[in-house]
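The two complexes that follow have chain A in common; it is paired with chain B in the first and with chain C in the second.
== the complex of A and B ==
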């Protein structure tokens, strides 16, 4: 599986006979361990000993999600207040910390394993109700720091971005109720964060996506007026215009452009709109402006398929808002469609479908 | 110490410049008997690094056969009795590298330093921002202060797409043209049809004609080539691989930067570590010992090798002799150099690279006909270099240095505390043989401001000749002692 165009290192090397034998031993040991853990779980032995066995197993293979499920069963039992006094047990807080350490170590090696993120999330939520556990807010604040570091190591890890949104939501939920609502919210700082990440690397789908999630909330919290809403939309359009002009070949930039266009469209539901009361005249102006600067790029770059695609969608959006137009002709649209077919022949069917939808 | 007279060796290496030292490193596990001598009392040869005092001694009495000439030192008298004005630190705080070079992240040198395990004894610092000096064209500023040197602007050189994105000065057309060129340079080898027929064309012409890059962007792109020649004389075939090397190195070790410098003492630090490795492997090191001048006639050869006289008359027999060609004096191959100690760390030249990136330790500033490199650490040293030789060269460099100091916005205005100027000769870039097939000569030290991988190639060639069939892997060694497992990268 390749990630962001970088293939995982293949382990296909010639193995000596000795290495092969050693590997067979390792496989046998692994299978024994798996069988043991599964057997103990089916006997409901939710003890520290089995917890330890599962740790060993998960260190070897964190992708085996069933074992994570088993582990949560064990922890659930060990953390419960009705533990029998005869069984050896550990301080609940220590159990939580141990698992945080385990998942942290594993995340550094496997930053994209769903199950580790999942377990960590469960852990923190469970920890909130563990007596003597660190203050929940401290835990979640620590998570934000961890996520910051993980995103620094790989800014395009969507697991980390998704987890970040979740962590931010928890921190906001737990903020003391006495403080002002606006100071509880992390929306402004998260908005800044996406700006920073985009400036570091324009090709960051996740950063653009997060930004799109933040914008409506940002406007709401700023109790933005109609004027300031328009101002924010204008500045976002200007930002993306700058990005498109810098690198029209980057798909993630166009992706955000599509998002902004979707908020302008009359079909946009109320809760997603950036400007709540756009008139058709304003929409028309936006479409015209976008088409104009994008067409200009064709002067220098004739082989960029995203440009033609964007022009076609803008043209059709424009036509829906305003029937007749001087800005472009059906012949123009047919020309763009032909370019798309030339540049992306593998999707010929899709372009022809698009053409018939647009009556081109 | 016992005399060297009548001793027998497998390899005699003359001079501890970078090439010879890397060769010594390459041979350090071969079991060959190596004698490595240097006529100087210090390591590093033409790439040596000096404290201020050592530099003054060096200026005072230069050994023959060195590629340096016309050395002079200036120590301006402190004006006024301002006791709070910054003054020179103690001599050893400064490490002046005669051959200041940066090493690109993608350079094979670094990977060989790792594979040969000597990297453990080396520390590298990041080279941060690159700047281009742009003379102020605004002549309407009142009070033309003649005593004050010209004061222009320093423009940051973009390192790639995100820098271009954030630039506020360029219009969209200029950004697109620049991006088109950057996209091309990333894989220029695979598009020979675009540039091959223009290879000898001056690079600025190529930029304008093939990519419509506006002239305002020529200087930053030329800066990336670190060309010692003027813009009109820098050819396309010279510029393209150098720019590609720069851009491909960005981000390899961390976001935002692409090259490093050795922390102490420039390239001589690498030479010293290499020699140390050879000594641990059994090599014998003698400083202050050169070849005798009486070796001009063909030496007697026997089955054990060639007989050579050392400076004090000792006769040694060796299978191989490896030395360095003398640089023949020729104005075409001479560069002027000027090293300055500035009174200020010139902080505006060092905006942080990115958050959590290593803090930049050096900056490169390119002027129209020369370049400067400023080392913030250990102590602020300004290295200036140009291909113009003689008095003209010195004047140019002095002016560039003073202009830079007046352009950087620091208060109080920085001054020159100490400076040294010298001329360095290079020579033909190819290796040659001496009088016999066993006599190998490296080319003289390079004048390039960036380490060029051809040096590694030359060292490998000599190593292969010496090792013959015994040549296994070049510069790949195991640790001599076991080290604790390091974190997986």
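== the complex of A and C ==
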């Protein structure tokens, strides 16, 4: 009912009589299985047998959310300590491991299916309070490996990135209370993880985004001084500037540059700032320095619209805090705007609005 | 009108009518968990195509009622568990059919029940909404709840200010929003958050210049729109991106003609329906969002769509 990337010609071939018969058989078998599972659940048969039937069904159709709910009903009963001794049962640890394996196999095939991610999340939260299941922190820590594999297969999978942030929070929550705050936190290793992902692929906006969320916390936990905050900002700027130089046509990179610039704006809310006590003079220096650097790239790349957009952004930020000499003229700004209109006619309306906002 | 700019209205109507006659295809059964939403998408497409009566009203109503649970929530189909997503679809269908009074007559007290089912899924701590009793949360559910509750006149049942605070915690430096706090901006989530803020009357909280710029960059050279930076175009984003731009009054920040041409290329000219990309297999989801995009682009002959 919502398909992506399936070619029409491949799907439209006329079904032979044989294929039709086969499909009708498949339908009958599928409906029998769903009827069976639903009937047994309505009789509250929360047993290993029905758990097995739901595994079979979910392998055929992992989007069938009601069956995931049924599975949680069954597991809830099987993991409960009040289970009667007569019913066949399994070690809680084994039950949890089975479901981790099931969801892992399914996620490899259906990495964007919300219900599978959900179930895994429910499973681990539940396992925390199940007597006899593995140590909760060990279970959560194992998740980082799964996510590593998922992000290796698709480095932009936003389910995997969200789940990563969630898992990190759980591991931090479960750290032994006696350890120091700094050793409970994973912020340093998560920061390194984004560095690694960016180095593999500069165009991975998900990694840049994640970095933008980590930086303020990183500085806070390092109890960074004013000087070390400035040093970090400088090193991030030099990282992104060399990325811009490598591929000025990549918008992911420009977004991160915009992010860094937004943190030095006087309008930036305090909790998002990297440097807490930036003076207007320092802001002006930053803007001038960035403009100078980007104008140098312009010598080789005259047809890259991102350059002109960045220059106009920096110019207007500069004008907001400007106290002294102007590093550019209104004529420069008009020229950059004309280039944007020339290079990027799709967004003509936006460039016209920008012209009237900037009054050039 | 040049041939390549034609919308095959009759074929799309017939395609949507055919959707419920495919019981001999395995796919029909494998997508049962989406049935009620599928019905809403089909019905909306027919309204936009100005063929609102092409599906039988009474049968739709009976089907919707057959998905209702005792607790006031709706499942995707009879026998499927209640969930926010399908409750929202049910309310949207009932609103489209103007059938709330009829429903109330048949099942006295049901409106209150439906309203309370959704209101009870608000998390009092964070202000966001859960999908169901199992605890998944996502800004999609928050938007769905506010939308459906406002359609029923029940917004007062929830803490709107708290929901607004939660949306703000999902905002990113690029002006966009993700599935939750910390998550990367995504066009679908931008739509749900901007939509929810529009319903709450708090568009003033949106960084409109930045978000408008980010949304306009979703348009690619081929005219289509993508969902995030450096991703491929897809017809469904015509709706998420365009409706958000419409709420920000910046529809003119992209090239409407090129987008129109792209959407029209995604039609199946033989059997009707629209696909995610030209030449791909059609489905009702991309059909409705493609047509809704065309309506925002003021394609001639279509009914006007409300961006929220």
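Simple rule for what comes next: the second predicted complex is superposed on the first by the 274 of 360 C-alpha atoms of A that agree within 3 Å, B and C clash if a C-alpha of one lies under 4 Å from a C-alpha of the other, contacts with A are read in each partner's own complex, and residues count from 1 in each chain.
Heads up, the rule we're going with is that a residue touches a chain if its C-beta (ideal position, glycine included) is under 8 Å from a C-beta of that chain, and two chains touch if they have at least 3 such contacts.
Just so it is clear, the model here is predicted, and its values are computed rather than measured.
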Exercise for the section: Scan A:243 for contacts with chain B and chain C and give back first, second, both or neither. Expected result: first
Problem - chain B versus chain C as contact partner of A:176, first or second or both or neither - result: neither
Exercise for the section: Considering only the touch criterion stated at the top, classify A:200 as touching first (chain B), second (chain C), both, or neither. Expected result: first
Exercise for the section: Would you sort A:297 into first (chain B), second (chain C), both or neither based on which partner it touches? Expected result: first
Practice task
For A:63, decide between first (touching chain B), second (touching chain C), both and neither.
Solution key: second
Problem - Which partner, chain B or chain C, touches more chain A residues - result: C
Handout entry: Partner chain(s) touched by A:131 [first = chain B, second = chain C, both, neither]
Key = neither
Problem - Which superposed partner A:20 touches (first chain B, second chain C, both, neither) - result: second
Problem - chain B and chain C footprints on chain A, overlapping residues - result: none
Practice task
Name, in rising order, each residue of chain B that touches chain A in their complex.
Solution key: 161-162, 164-166, 172-173, 175-177, 179-180, 183, 212, 255, 354-356, 488
Problem - Residue numbers on chain A that touch chain B, as the complex places them - result: 109, 152, 196, 199-202, 242-243, 245-249, 293, 296-297, 300-301
Handout entry: Of chain C, residues touching chain A in the complex
Key = 23-26, 29-34, 37-38, 75-76, 79-81, 83, 132, 134-136, 138, 172-174, 178-180, 182-186, 212-213, 216-217, 219, 221, 228-231, 234, 236, 250, 252-255, 258, 268, 275-277, 279-286
Handout entry: Residues on chain A engaged by chain C in the complex (per definition of touch)
Key = 1-9, 11-12, 20, 23-24, 26-27, 30-31, 38, 60-61, 63-66, 69, 72, 114, 118, 121-122, 156, 158, 161-162, 165, 203, 205-206, 209-210, 212-213, 250-252, 255, 258-259, 262-263, 272, 345-350, 353
